[in-house]
Every structure is written in C-alpha cells, then in structure tokens.
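Common to both upcoming complexes is chain A, partnered first by chain B, then by chain C.
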Partner chain A sequence: MTLDTMTLDATTRAPGRRRALIAAVGVAAIALPFLVNNYVLSVVTLALYLAYVGQAWNVMMGFAGQLSLGHSLYVGLGAYASAGLFFHYGIGPWLGVWVAILLCAAVGAFMGVLAFRLRISGVQLSLLTVAFAELARIGFDHIGWLGGPGGLFLRVADRGRVDLLGFRGPPALYYYAALALTAGALGLCALLLRRRAGFYWRAIREDEVAAESLGINVFRWKMKAVILSAAMTAIAGVFFAFYYNSLFPEQIFSFGRSIEIVLGPVVGGVGTLFGPIVGAGALVLLGDGTTEVMNRLGFDVPGVKQVIHGVLLLVITIYLPNGVWPPLARALGFGPKRI
Partner chain B sequence: MPAVSDLANAAVSGVLTGTVYGLMALGLSAIFGVIRLVNFAHGELMTVAMYTAVVAFQRLALDPFVTMLGAAVAFGALGYALQRGFIGRFIRRPEHAQMLLMIALAMIIGNALLLGFGPDARNVQTDYQLDSFAWGALLLDKVRVYAAGAAVLATALLAAFFRLTLTGKAIRACADNPLGARVAGLPVAHLYAVTFGLGAASVAVAGCAMVPLIDVTPGLGPGFTLLAFVIVILGGLGSMVGALLGGVIIGLSEALAGVLIAPSAKSMVSFGLLVVILLARPQGLMGAGRR
Partner chain C sequence: MALLEVDEVSKSFRGLRAVARASFDVERHTIAALIGPNGAGKTTLFNLIAGVYRPDGGQIRFGGQAIGGSPAHRVCAAGVARTFQLVKPFAELSVLDNVVVGALHSERTVAGARVRARAVLQRLGLASKEPMSASQLTLAERRRLEVARAVATRPSLLLLDEMMAGLRPGEIDELVEVLRSLQRDEGITILLTEHVMRAVMALADQIVVLHHGEVIARGAPASVVRDPAVLDSYLGEDALAGAEP
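Let's turn to the complex of A and B:
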C-alpha cells in the first residue's frame, strides 16, 4: 500500500465507519429495554447516570483544567432542591429542575468568584471544592425541613404507569431519561469543543499565563466552565432524587461520591468526549459485575466494588494516564483524536 | 450556656486531642512540603496504624503506647519502601495525576480494611482508660494526657531531626530547591523516601495515640485526610510549628463547638475555618508566601 492510498483510507473511510458505529450504538441503546430484564436495565441506567455526571465534571477539569473533588455538592443540591419542592409543595421535577440548575449555577459562581478572584489553583482549589461539599453535608444534617440526617423520602413510583409530567414510571422511563441526558451532554460538549469556548478552555488548561497573554479573559472563561459544569450536574441530582427516591446528606454529599464522579472520566480519558461514557461503562461493568457474580456465588462482602475501582484507577493512572479511550479510538479506526 | 468548668474541661481535652491531630498533620506537611506530593492516602495510613494498635492489643495484649514504638519503625520502613519503590516513579507526573494515584491507593487500603475487619467499630480498653488526673476543677483523662505527651515528644524529635542532623538539613535543602540539591550531589530519591518514611512514622505514632481516644472503623480514612489538610493549610504548608498550632486550634475549636453548638457541628467549624484560611491567607498562619 502506498502512502497515498493510506492517507486516502484514513480520511475517507474513518468518518463513514464512525457514523456507522454511532448509528449502531444508537439503535441498540433505543432497543435495549425491549431486550433485557430490569436488573440489567438498572445497571445500564447507573452507567449512563455516571457517564452524564462524568461529562459534566469533565467540562470543568477536562476542558478548563480546574480539578474539582467536590462535585457531589451539586448532585446533592440539585437533588435536595427538586425533591424538597416536590415533597412539600408538590412541585414536579420539570419545574424543580430549573430551580436546581439556578441554585447550583449560583453556588458554582459563588465558589468560582472566591477561588478565581483570589487566584486559588491546584491543590488549594481542589481542597476548597471538598470543603464546600463537606460543609453542605454537615449543614444538610441540620436542616430538619429536608429530613436532616434521617433522610428525605419521595413516594416510590408506580412502576406500572408512565407519568411523564411527574417523572414517574417503569425502569425504562428512567433509562431513556439517562440516555437522553448522556446523549445531550455529549452533543453539547462536542459542539462546545468546536466553538470558541473549547479552544479558550483548552488554552487555559494548558497554560493559563499564555492564554491570558493571548487576550483570553481567563477569569470569565473559568467561571463559565464552573457554572456550566455545576448546572449540568444539578440535572443529574434531580434525576438521582426521582430515580432513587431517598436522599441522605451523609451519602449524597460524601467525599466518596465526589470521587465516584471523577473515576469515570479519569478511566475513560480526561478531556475527551467519549472518555466519560467509556469509563463509566467500564467501572460499572467491572464493579457491579463482580459484585453481582459474588452475590450469585453466595458472598456478600461490602467493599469489593470499591477495591476493584481503586485497582482500576491505579492501573489506569500508571499505565494509561490519558485513559482508555484514546488508544481504543485508534483501535476502532477513529484516527488520532485531537484532545 | 454550659458551666465554665465544663467549657474549660472541653477546651483542655480539645487541646490535648489537637496535639495528636497536629502530629498526624505534621506527617502530611512533611510529605507535601518536601516531595510536593498530595498524599490523599494519609488518613488511610492513620486508620491502618489504629488497626495495628487494636490488633496488637487484642492478640498480644500490648498497650497502644508500647505498640507505638514498633509501629513507628515499621511504618517508617514501609513509607521508605513505598516512596522509593512506587510513588517516586510518578514524581514528574502532573499534580492531579499524583492526587488520583494516591486516591486510588486510599480506596484500596480503606476498603481492604473493610474487607478484613468488617464495618463494626473496634476499640481498646486499657485498665487506665477511665482514670483521670484532677487539677482543681479540671479533670484530665489519663489517656488524653499520655496521647498528647507522645504527640508533643514525637513532634519535638522530628523538629530536632530536621534542624540538627545533616540528613534533616539535606532534606530541607531538597524542599527549598530540588534541582539545586541534585546539582549539589544530594541523593534526592533517598531523601524523599526518608521523608515519606518519617511522615508515615508520625502517622503511626498519631494513630496509636488516637486509638484510646476514639473507636476505629474502616471508613475513618477520608475524614482524617481532610482533617490533616485542614490543619496543614491552617498552620501553613511545611511549617512544623504551624502543624502543631493548626492541630491545637482545630482540636480546641471542635471541642468548643461540640459543647457550645452541637456535637455534630464539630467538623463544620473546621471546614469553615479551612474556607476562610484558603481565601484570606492561602499560605496559612505560619507559612511563608508561596514562591
């Protein structure tokens, strides 16, 4: 094969193959609820949920280079905002989600202003995000109106009836919602990366001083990344509240949950478009898969899933610092991907 | 409003516990100050030390304050090996990659403890557990006084090591300027490993001193890690006095918040302090300006 035909191959065949693969995945995703049982569907829903939150986190870290280790803050705030409105006033999630988004965007903006105006970065910034999540965890324990440490419970959905307005219904409804969120976030991120925002963010991620010297308003664009990331995560919180129906401050705001959000994109590839999705899939497959196999074999040991996640994270950070997606993309013939 | 004597008792026991916090944070501070490694597995090391003391007590009937000595040596060796053989290879990776590496280690250690010991709380019941020294209206728990004594002694030894010995001075040279230290012919990899070993040994002493004060569960790790970060940032990175001072401030404020507000509000105060310090004085109370 000569050089010419090789280049021709790479440029003409790759887009077709990519389109075909995306179409196949899309059809399979839509058909899935008709093919598998509810357990498998719930596992896939969890993977999609993690893929979506991972995508949201990725906007802040992967694109703009600001490491948040406290993203459970926005999941929790979003969840409690919408669940509280529903519990006390019967205001449904379609309205509640906007309240959640506004609240999280405001909190994200507040933290962003504090951190970026005072030029806090690196470890200090990460610790600030952790501190805010921890403050929320302890604070919500003292809000009796939202159940405090005892938890806030929503009426469990009638699984037989589809109630789109109240976001209540069979598992397939939540699956499709998670699918739509993940696809929507993917589309939005793909679009942003091609526009000015993507280029500015990546410039800031690579070298803040250089970006500033090129005339990029670093403060403004970092703020945009944080606010967008917080707002996207808020929607995940609303989904969480209405899918799981029970909220505890100790769980939803915990440091462990923040790490869980980070894991997917790190395993898949920080800053890549498909990384969060691939990573979340791998984590759920390995973690919950092993737990399920062990349960079937009669072992019920807590902690196994987390050990597996830890080992996976360790192996990935050591051997594939850019995540599994970039090499996987090349293997699938997507060509070298600009990150 | 609680009685003055209650407040005074809470304050004193808070200060005593705070010295143990300070020693734990000192380990983190040394590791960060010298190696520039953000040790997110610090709390898990602390938890392992606590389990070591519990197991030594249950199996060998060893007092935690005796276990402390052996644990310090063992953790020192372990820390040296861990840094030399494993973590040192990733020293040139970007900061966030190192953080994730340590988070992965923390997840593995914490959950391995859960697998090994189960979720139930464990503790040590020495025969002087409930004794106390009376001093006027003040009642000082014996275990707390011993724990604080051990912590202050260990801190003093560590400070003397860094100030007076040649190795200590060499390590400080590495912290000031790693490239310069390398140019001057200092064995940087070895010195980094010694630092990590000393950090781990501090944690071992702190963990053994902490066992008589609180019950240990596998899930304590992240809380300790965060607490250590709060203290280190409060006191100033790399400052020994700062770490001890930060520990005492946190111990005191937690104890007072526990009495004055609510026991559950304890850590609220420390995280609130962290936010204020990060924003108002990111270099900490005793730290020099960065760079």
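Let's turn to the complex of A and C:
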C-alpha cells in the first residue's frame, strides 16, 4: 500500500541488536526512580500508563481492525469497580482488579455481540463505542453510591510507606507498576502476534470476507479481540483509581480521554508492537516537556500541551501515516520488520 | 456419489431470480467449468456453494453432507476453498503470511503452517515473492496468491471465480498449467467460472452453461460448445474458432 509496508527480508533482521537495545532500555527503566526527581517520575508514569492503555486499544484496532473511540468506558468501569469495592468494603485492588476485568470483559462481550451480530462495523461501530462511553458518563452521575457527579475519593497514599497489598506507597511504586503493566502487555502482544491469533486478527483487519472463506470464524475472533482489549483496559482503570485517588464521571468517561488513548498508538504506529509505547512517550514528553520548559522560562501558556498534540498529530498523519515507529525501527537497525 | 451435488437450487434478490432451479454434479478429481453471459448467475451460484448466501430453495451437498446455508467458515471446514473474482489479498501482510493464514486452517502450529505455505507458494511459482507485501504484486500474481491461500487450507474442492479475467495469454497458459498440476498431483477437484474459453477448453472435463439463472446445457466440452442453445445465448459462432467472446 505504501512504502512502509516494506519488503520483509529475513536476512536483514538484526535480532542481536534488537535484544541489546531492549536490554539497555530495560536496565534504564528499572534504574530510573533512583536517577530522577518525583516530577519527572510522574511524567514517565503517565507516559507508561498511556502506553499500556494504547497497547490494550491496539489489540482491538491495530490487530483486529475494529475501531473503538470509547475506550474510556473500560478505564472508567475498571476504576469505579475497584475503587467502589475498596471504598465501601475495604476490598483491596488485588481482588478488585479481577472484578474490574470480569465487568469490562462482560461489557465488551455485550457490545461485541450487539455490534457483530447486527453486522455493525466501521464508522457505525466506532459511534457505538462512543455511545456506550457516553451512556456510562451520564449514568454514573446518577449513581450516588459511587459519589455521583461529586466524585469518589480514596484516601491519599502515605508516600513514606510501601503497602504492596493495598497498592499504596511512594511514586516509585506506581512507576514500577505502570512499567510492569507496559512490559507485560508488550510481551503478551508479541506472543499473540506470532501465534494463530495474530495471523487471524490481521487477516480479519485486512479483509473479513476473505478471512471467513479461509475457515476463520470471524465473529468469534473479533469477540476475542474486543474482550481481551476490554479486560486489559480494566487493569489500567484500577491503576488509575489507586494512583489518582479521585474519580469523576465527567472526566474518566469523557470523549477526550478516549481520544487520548487513541493518540499514542496513532502517533507511534497502529498495529505495531512498539508504536503505542513510542507514541505515548513522544506525546507526553513533548507535551509536558514543553510546558515545563515554558514555565522555567517564565511563560505561563495554558493549553500549550494540547496545541503541541494537535500539531504533532497533523504532521504525523500527513508525513508518517503509519506512525513514527516503522521508520524509527529501520533507523535503529531493527530491520524492515513492520512490528 | 459426486463430490458436489447442486440440486434444484434457487436464489432471488428482491424478486429478481438470479439462480433458478439449477442442478449439476461435479465428480471427484475432475475440473468443471461454469460458463454463461454476464449476469447469468455464475457468481451468485458460487456464493451459494461457498456459504456467502443462503439458497431460497434446493439442496447443496458436498461429500454427501448438506452445506447449503452454512456460514462460509464452516463450508471451508467441510473442505471447500475459493478465490474471489475481485481479488481480496490481505494487502498489508507479506505474501508468505497471506498463505500462512490459509495453512493455519489445516495445521496446528504456526511453524507447521509456514512449512505448508512455503510448499504451496513454491508450487504456484511465488516462492521468490514471499517477503513482499501482497499489495506489491501484479494482478496475475495476486490471482495466484488467492489460489495459494485457498489451496493451503487443504480443500478437496476448489472454487475459482474468473481467475483469468484481465490476464495476458501467456499468463493464462501458465495458470492453466498450475491448475492442471494441482488437480493431478493434489487430487483437488475444481469448479471454475470463466469467460476465457481458451482456458475453459484447456481445463474442463465438464461444462455447465448458465443463462438467466438456469442451466441450459451441461456435458463434455466438445459437445456443449456445439449445442445450438449455447451458441445462440452465449458463445456465438466464433467460439469454436477459439476467439474470446
């Protein structure tokens, strides 16, 4: 289609170089909390959080080709489920996360059955995902048990004490949790892409009719992608609840949040393994980096982050429609492998 | 018992009869051609067999098992693979991965599917194109890729929908050779629709002629092309001279 779906020549791949780079990044990531201050750590944690949600979204869109513009739904449901259990019953996040996963998987499955049985696809499917998120945003305003529009607040963590069981502690704890989530999702996606699921999802993404003619139960495999994506996003919601400690329906389910989730993979490269990570990193570092530099220079420019995101998106859609990762991968000598 | 039995099958779209009580059989290890003018219902009949549409009436049996109305992925599981008139390659996947998707139907592991895919690509003369993305192939190569992908599922019946359209005579002869060898060496039964009579005459053991959704003639190629009804409705007198209608 374009030059970025380049020739894949097995002989030009450089697995040694790839492994060395991943190891270096890994060591740097583990050492980071000892090297930087809490502000920088919070920015990187945000980037990792967005990278993880981006990877979860990428399973549905990047691999299976089903565009969700309402992924804030699963973040919100996961966050409210775990926070509600903790707030009212003292049930910790390690148990709450399973409730969140089950809830989001069930909601994802419901939407999947509705959409795929009624043969809703493309733009209509995207609108359906938006509608579900909007429904939750408005609905949760009326659930007094979860704080309604006034918000649900968890007691702020004691920064001095590490409480692994309650997922409470210093910023480094959340940083490592976000790092583990991102690395775990990367590993899972890498594994899935190499297996039957990866081939079947990409076939469905490219052409559903052809995929079905080759014996693929398209309905079932699309359901698997939606449910996995929803379940992964639920975990992000639990992280969000215990990291930020305050939940408002207007914020967590907002359309803007859904777009924020989509932005990382789009900038990095939809359907690629490292795209969501690279994209989230680029967006957060450029956005917050510029804000910080401006502040240091004595300019207070509210909204500069959004402007930068907008410009970045514009430039990338025009000049790098497949995202920054594919050309970056080639420049790093990873070989012309698309993922 | 014939491998494929199409028995009094009908299909209408909003009152328009696309296929009307069509009946024919395809014997195991033979090549049958479905011919007829544009709009005769060939592709509709194909889609009925492949599970894209559900017949309004009649029976389609494959290996004695009723498949009419089954979804396409089940028809494939029963042993029927197909190509599309308008090719549908997985454009962003490599040629090899395209065929691996098909091979995964019959292989348990990706590694096994890759071995099978390489063997099929070799057979179809696409081995050197393996690492290219499917979107970089020429039309003739894409047609062969469709065949490769379908054959990789290990079908006993292969449905080929207008494989030759838009190809040069040299490319047609090559493809005819490939199909012949598939039928001979892999024991695959083939049902094809085709306008290119040069390919039909070279390949078919049996010809079925469709006109206005009805089967107006069927039998050995030599006799069908002399059938007055066929000459009148479709082929015209020039057909026997080998010209493309």
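Please note the rule applied: the second predicted complex is superposed on the first by the 320 of 339 C-alpha atoms of A that agree within 3 Å, B and C clash if a C-alpha of one lies under 4 Å from a C-alpha of the other, contacts with A are read in each partner's own complex, and residues count from 1 in each chain.
Operating definition for what follows: contacts are C-beta pairs under 8 Å (C-beta built on N, C-alpha and C of every residue); 3 or more make two chains touch, one makes a residue touch a chain.
Because the structure is a prediction, the values reported are computed rather than measured.
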Partner chain(s) touched by A:N217 [first = chain B, second = chain C, both, neither]: second
More chain A residues in contact [chain B versus chain C]: B
First (chain B), second (chain C), both or neither touched by A:A106: neither
Partner chain in contact with A:R196 - chain B first, chain C second, else both or neither: second
Which superposed partner A:E206 touches (first chain B, second chain C, both, neither): second
Which superposed partner A:L135 touches (first chain B, second chain C, both, neither): first
Contacts of A:V311 with chain B and chain C, given as first, second, both or neither: first
Complex contacts: residues of chain B adjacent to chain A: 38, 90, 93, 95-97, 99-101, 103-108, 110-112, 114-115, 119, 218, 222, 226, 229-230, 233, 262, 264-265, 267-268, 271-272, 274-275, 278-279, 282
Contact footprint of chain C on chain A as seen in their complex: 1, 5-10, 194-196, 199-200, 202-203, 206-207, 209-218, 271, 338
Complex contacts: residues of chain A adjacent to chain B: 61, 67, 69, 114, 118, 120, 122-124, 126-128, 130-132, 134-135, 138-139, 141-142, 149, 255-256, 259, 262, 266, 301-304, 306-307, 309-311, 313-314, 317-318, 321
Complex contacts: residues of chain C adjacent to chain A: 50, 52, 71-73, 76-77, 81-82, 84, 88-94, 97, 100-102, 104-105, 110, 113, 131-133, 135-136, 149-150, 153
